[in-house]
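Got some structures for you, see below.
Each of the next two complexes has chain A plus one more chain, namely chain B in the first and chain C in the second.
Showing the complex of A and B:
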């Protein structure tokens, strides 16, 4: 199971996964993120500051979360991508596709308007 | 490769190493062997074991991540696509450190699949359309120094080499 905390700030859902998103827990991340998007805010920030590892299965669920949020009329922004996780985002080409921001405040601001 | 290429281990039959390792921490810490089942939860167990193995051997965090990622992608692919329903799948992992390099053997009894010859993902195809299996292969190829495949009877044999110094 994914270790994840969440917070709602105004009309923005903030998801903060911890430790790893790999093939064994990617599905639980996706299920939890989808359920929260369906039930609440459609604007979503994923805060990666507590994440140490992501695999292609993890990248895939980040992408499906982005699609889900967008289809619901919201959007997705990322923040706190660092170290090993940033390297995987860069090498995979995801860094140039998804909105990446330094902190939660910047990520929230990018979803306004 | 795992046994023959290393002077340190060449004198010993591979099956005896684990037993001998009980008497020698140095050998125990430089070699990791485990058997993984065909449930996806095996990936998490493998990553835990690899992190412990890497930490014991002073491998830098970035190199640990790259080793984890490569083996995660390969094993995940085998578990997701290599075993048909009801098949008794298993994957044998052996990793050995030799002079700043890690040599890894992965042997599974799944359907034949050669990741060395599998098609590369299309960079121009747009990331949303890119096949995720292709993304995993792209990550693997970014990090391995060498990746060899052979099919031997009912088994896939993968040998890979990565710099970890």
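Showing the complex of A and C:
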């Protein structure tokens, strides 16, 4: 199971996964994120500041979450990536394709713009 | 003493002849033989006919069995389709045994004369004739060797000691059977032993009954020889080798009772049958050899399905054999070119799955039960099979849309082969670097590279299967040129104090291979995107 907290600020859903997203919990991340997008705000910020590890399975569920939010008429912004997680996002090209923000406020601002 | 040298020299020439025939015919038949096998194994009758022909040409059922094993292991043909060829190759080996029973002195001398002249005039330098001449020289030497054995052995029948030995051998059919068996294991050919036995019968050294028993023993010996050669085989390959062993043993088990009944004077048997056809004792033995092969081949053909089922129970296909087998394309699909192209597309999608499994070998979060070398070999085999299949489709069709799509799939296939090789090289480079702790600069980079390439290959597989324009666009973005990014990473890590020459090699190899993998995926994506209609809006 994914360790994840969530918050809603206005029309933006903020997801904050903790520790790691790998093949063992990527599905539960996806299910939880999808359920929240379907039931609430379609604009989503994922705050990775509490995340220390992300594998290929994690990257793919981030991408499916982005597609889900976009299909629902919203969007996705990422923030708080650091350390080796940042390197994975940079090398994979996800950082340039999905966009990275320093903090939650900047990420929310990017969705409003 | 002179007799012994004559026989020894004759055997020497005989073996040189066997080797020359086999090696030259294999060279001569190599390329077209493979194409022919693909085409004729579509029906069991053609497959059996090719078996007889190739058995006659190579004079070795083992050679045909192991050649077939190679093709089955390479995924070129299925066991059930190649089985009739393996079964009936034994019948083909009877040709030389029959010829050896006939007096062909003048033919042999003429053959050697012609071949010698051809060599003198350097005809062997021409690639077209080289192997044909080699095979003809082998045939001439083989028969010359037999003539020497005949000439040398002729006085033996009058020698007291020989008579005593033969009387001893004749007293025990089991002993004669064992002599045939052991000689065939040593010579790795029942035909070879049978030819020598027929030659001995021709000059009256061996009696008809002794020779028949030696021929039967030689057949079992040839089976044992195949079983010994197959001990290092596994999977489907071993199934075919075991089938050959069963054919040999069952043939003897079916013919032997008729011979025993006849020897005991209870009823006429195989000897009476041969005597009804010819009065020449050597030809009679040769006919019994042929009968033995026909009986075993007919039995194996009649029970091919249960026999192969039994073989499969004892020797399950290896992981590589299962993975190397195309899942979608099959020979008959070629009749419907549009569907055939669709099957190639699906097969290529399956290969993308295989690619991520290769990378899994060096991932913490990856799981695959197969070694990367097995996945690499299987992927290469399937990609090459796709290539051959596409070449056949293009050969047989001239419709513009089929040609364009076929050429497009050929280009994709070439890229896939490149990706399979790149993935394998990447895994090899990471493995050579050994385990790296997290927090180590190079270790962290290798982790990021591995997860990234795995993600991109997974996304590519999904996008190519769905052919969704948005997914393909996303993939093209993810695989944009990374040379500047990789160069920056290399410079940053090279600036560290503790970098070793081995680390340096790993850094360059992995980042370069990563760039190459992304470039290949991008080229593939561009080809797929070209065939997808633009998204609405």
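Everything that follows uses one rule, which is that the second predicted complex is superposed on the first by the 112 of 113 C-alpha atoms of A that agree within 3 Å, B and C clash if a C-alpha of one lies under 4 Å from a C-alpha of the other, contacts with A are read in each partner's own complex, and residues count from 1 in each chain.
What we mean here is this: a contact is a pair of C-beta atoms (placed from the backbone, for glycine too) under 8 Å apart; a residue touches a chain by one contact, two chains touch by 3 or more.
What you see is a predicted model, and the numbers here were worked out from it, not measured in a lab.
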| item | value |
| --- | --- |
| Partner chain in contact with A:55 - chain B first, chain C second, else both or neither | both |
| First, second, both or neither for A:97, with chain B first and chain C second | both |
| First, second, both or neither for A:87, with chain B first and chain C second | both |
| Touched partner set for A:25, first chain B, second chain C, both or neither | first |
| Partner chain(s) touched by A:36 [first = chain B, second = chain C, both, neither] | neither |
| Chain B versus chain C as contact partner of A:63, first or second or both or neither | both |
| Partner chain in contact with A:6 - chain B first, chain C second, else both or neither | neither |
| Contacts on chain A seen with chain B and repeated with chain C across the two complexes | 22-23, 55-57, 59-60, 63, 84, 87-88, 91-94, 97 |
| In the complex, chain B residues that touch chain A | 40-44, 47, 61-62, 65, 68-69, 72-73, 76, 79-80, 123, 127-128, 132, 135-136, 138-139, 142 |
| Chain B-facing residues of chain A, complex | 20, 22-25, 52-53, 55-57, 59-60, 63, 67, 83-84, 87-88, 91-94, 97 |
| Chain A - residues contacting chain C, complex | 22-23, 54-57, 59-60, 63, 84, 87-88, 90-94, 96-97 |
| Interface residues, chain C side, partner chain A - complex | 363-367, 438, 444-445, 447-449, 451-452, 454-456, 458-459, 474, 477-480, 482, 485, 489, 514 |
